[in-house]
């Protein structure tokens, strides 16, 4: 693919997005009925190889806690998860539950945005000029009844494969391990990080790439502040061809919004999303906690592992909370 | 362990439960602060061996869909999941969202009981006479603020290991593959099934055992009916010593309630739960869809695989929805 | 108004609805910015007169209970209300809450469809061929962010005035007080009921009319069954001109859906709604419990009272739960 | 009643609360089964007189909007209301809903704490040393299934009667109409306000007293800030005997927490609540918007009106959102 020359005019995001979209589009690549985009790139053989990467058996959850102490502050009605009890141990102990032979129970419910914490963005999450993944009209895909075509349920069995950590935080800021807010990670940064980390971080077809910026480590230390939507390090708009050329299956970051914020264009909002979700068909993870994984990878100098990051099988969802498991 | 002689009086569940609890108790086994029970039995070495079981790379989701077509009928305020949209493609296509440069988005929320569909029961889910796992008072563990001690978040990284399918449905009912409602699976049934299936279904320390009854296949064909709480095949109360002796890490079934229903005692409610959750410290999965897995295992005559069944990391939850992934 | 001659073709609901809509339309009557329709017809003078109707000071709630025992069965994701506790007395009594000087508390949350039980339909609830009240395009009015124009909050202070009970159940079925399911109440039935009940049930401008069919009494006795959407007595499609001619402000019934079900046309769904909400601008109440009120009115032979039925002031809602208070 | 001499030790809230509780207790006054406390003091005769107060027919909603722009910030899992759509006008206009003859619809759901905005506190909301209203053990009253004894549903028909506005903001701060945060309203302040406002604000048995501090006007102007739980003007702990002596039925304020904050005792939390809810049996309203009412009362020099403030009839709720209607 020779997709490196795309026009970028920082004052004209719309033209740049259109140009980039044409350059990297995967529309039609997996047939007109496709519902999973680049997740097609993980095949059984890739999963078999990924399983063989397991060395120590160390299992790490890459999920943040889901509770009221999360980063959400109400933007677009996104709250932190509200978890309440239907039955409690206190009631059981006091003998209030009316069950026989001394059995008691506790039960619970949750109300939450599907993108309130560690999550996958589904392919129905972002549109470009009213068009969704694979060239469909957005209104034919996601109505108030949910995503009728590319709902996250289609990805339910698919997101297990080779995970690779690119620890840009440590690579670019060895002293702190954290990139500054507003830092735009470029294709050259990605390549240099891979070179520095060594061959276990080479990226190939069907890989699930985890990009650590270190911003989450800072938020855990200093408080959420503007983590949900404010300034953040993240991928530059210019990485779209890099993502396309390597044919990765999915990507996730330790930030709220995957791409650098403020966005690189003037008066813009998440332009890289606008390219990679509807045009590339790329599944994006956000708010993943990569810190323990990064410590482990740094200690072993191995950056590849079996990653199982199964979304909940919610019919018609445009995103899903997830508890990604790295098996090292 | 010689825990096979426990007194059973079908008219006296309370005494039988007490006797069985004493016989199989794991209280104190992993220290007084333990929060995960038999999940301790999966260690890094076990996970490494489990990863080596992968042969074909076939990945199967063992989850039911999460939507309004689920089995819940309101018992104890358990509803099916209510999934609603915060933003839609219809709105985006019509230009109603107010974002710049043609980007549009869809977002969603969910309200659901944590045990409405494919799930794990956490250790705070069931109590015996006001006592919770490891000998704690239930009211010290699960208040209206959630499970303060044994919340499902402690299990977040742990539930990945060797899965073994015991297809009791096919074994006992070869013609239909489905056990009758009310059929109580005995220890002898389990042993005979293992023997018939062959060495890949031998059960050992730290395994995650999946028991298929076939009831879910029937429900998918005929409608939910009384699936949520009504008559069902399931484990006999007498299997508790078998589960304890094999030191399994976790177990899951394709039924609403894991154990046979109606329960074997008169005037009883889930007596096996009352033994194995608070006394054995066993994590139980329910409403798992094992049908595709069973087809695959039957075809290959291999019943073991890498299972990753990561609960959402919901702080203080006594259960969690899960999308279990079997990697064969 | 001479709006009585409208064409009705039971095989052609679409043409009949169009004809009826033209005959009764209030579009433009209260200006192009109007957000409340016929609620404009209750003025301060009408409210003053309504307050003077109070004789005995008897106060009756016309609301059903809001709980899991309600009529909803999941149609279009409508559930019964799920009420859960954030804090409990059990926890407080056990000393688990961490407050000083012995204070304890209980708190709660609810998740519910706004039309799950006793309710008002707002003007954004129903559209006719993509058009909303007062001639607006439906997509300009109700997006996934709610009703941006005619949200129920506009009605917050308005729905207090003269209430009149028309007890069609008692009038037409004196033996049981209950109309049969499928019975269509005609304009003549309404007039005859008024004549029989006497001058306190004369209907005039700005009145809030409560039509009791008795179906709810039957459901309370026999169980909900198909109450939510099944066969029911209710207003005939032909009552639209009657409702328009009397210039009532609002109307409510003791049924799920206000109009007779099955609907009078073949292959139809709520055709009277399609006329009276978007074209007449009429606010409709459903699932009101009129039984105690009917007893009281029958005993006193007075059918008028002060009615205060204030919707919750939920920004952008297309309906609201309500606890209507009749002060007799 | 001579209940004015109660001991107050600002360093010992516990003793002061106990002393005050004894002085003002209503336990047993309405029988041992009572579920509504001082709401008993509004009888039919009082409601009849209240209806006669109506002069102009002006109807005012005293409710704040219920939406994501509300004051909640997550304390004890209290969020602002999350209102989402099940169906939209955009979908209807685009022809996505599948209904016949051109009908379309919009529907919605809400998830909210019952005390997130304009509200009533029910009698099960606050306990004193594990005891609830009328001398019951808190754990016998409010379990995780809700308030089994004094749920808000018992108050459903009762809260309509004579409302009286005491505009302490205007009375004590004529220049701004707003009391400072931290200002404790004393019994003398209440009496002086009544004297200044004149005979229409005399308080008697069964009245519903609305105390305006002006804090909400400030919050509407300057932003919520710490409105939910931070410093605020409010009633002094010493007003409990005043409230008891006048036998009011209910009271509401324009603040988050009714009583002055910070509380007057050291290391205290809502001590007046601890007296007046469980001991007096007083129903308390919070976050009422009294500003338009205050303007109207000031203009007419009449401070009494018919108030209808019907809680939703939610079974077992310890509080309820409410849209209070003042009819002047």
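Quick notes on this structure:
Letters A, B, C and D mark the chains in the order given here, with residues in each chain numbered from 1 onward.
Heads up, the rule we're going with is that a residue touches a chain if its C-beta (ideal position, glycine included) is under 8 Å from a C-beta of that chain, and two chains touch if they have at least 3 such contacts.
Chain labels with UniProt names: A, B, C, D = Cyclase family protein.
Computed from a predicted model, the values in this text were never measured in an experiment.
Relative orientation of chain A with respect to chain C corresponds to a rotation of 180°, obtained by superposing CA atoms and rounded to a multiple of 5.
Although chain B and chain C share one sequence, what matters here is the overlap of their interface residues, and that overlap exceeds half of the numbers used. The contact pattern of C-D recurs in A-B, the pair among A-D, A-C or A-B where over half of the contact pairs coincide by residue number. Of the two chain pairs considered here, B-D and A-B, the higher C-beta contact count falls to A-B. With centres taken as mean Cα positions, chain D sits 46 Å from chain B.
Between chain A and chain B, the centres computed from C-alpha atoms are 27 Å apart.
Residue positions of chain B with contacts to 2 or more other chains are 77, 82-88, 90-91, 93-94, 96, 109, 111, 139, 143-145.
Those residues of chain C whose C-beta lies close enough to touch chain D in the complex are 13-14, 17, 43-49, 51-52, 54-61, 63-67, 69, 76-78, 81, 83-90, 92-95, 99-115, 118, 124-130, 132, 137-147, 153, 156-158, 160, 265, 267-271, 273-274, 306, 308, 310-319, 321-325, 327. Of all residues in chain C, those touching chain B in their complex are 68, 74, 77, 79-80, 82-88, 90-91, 94, 96, 111, 139, 143-145.
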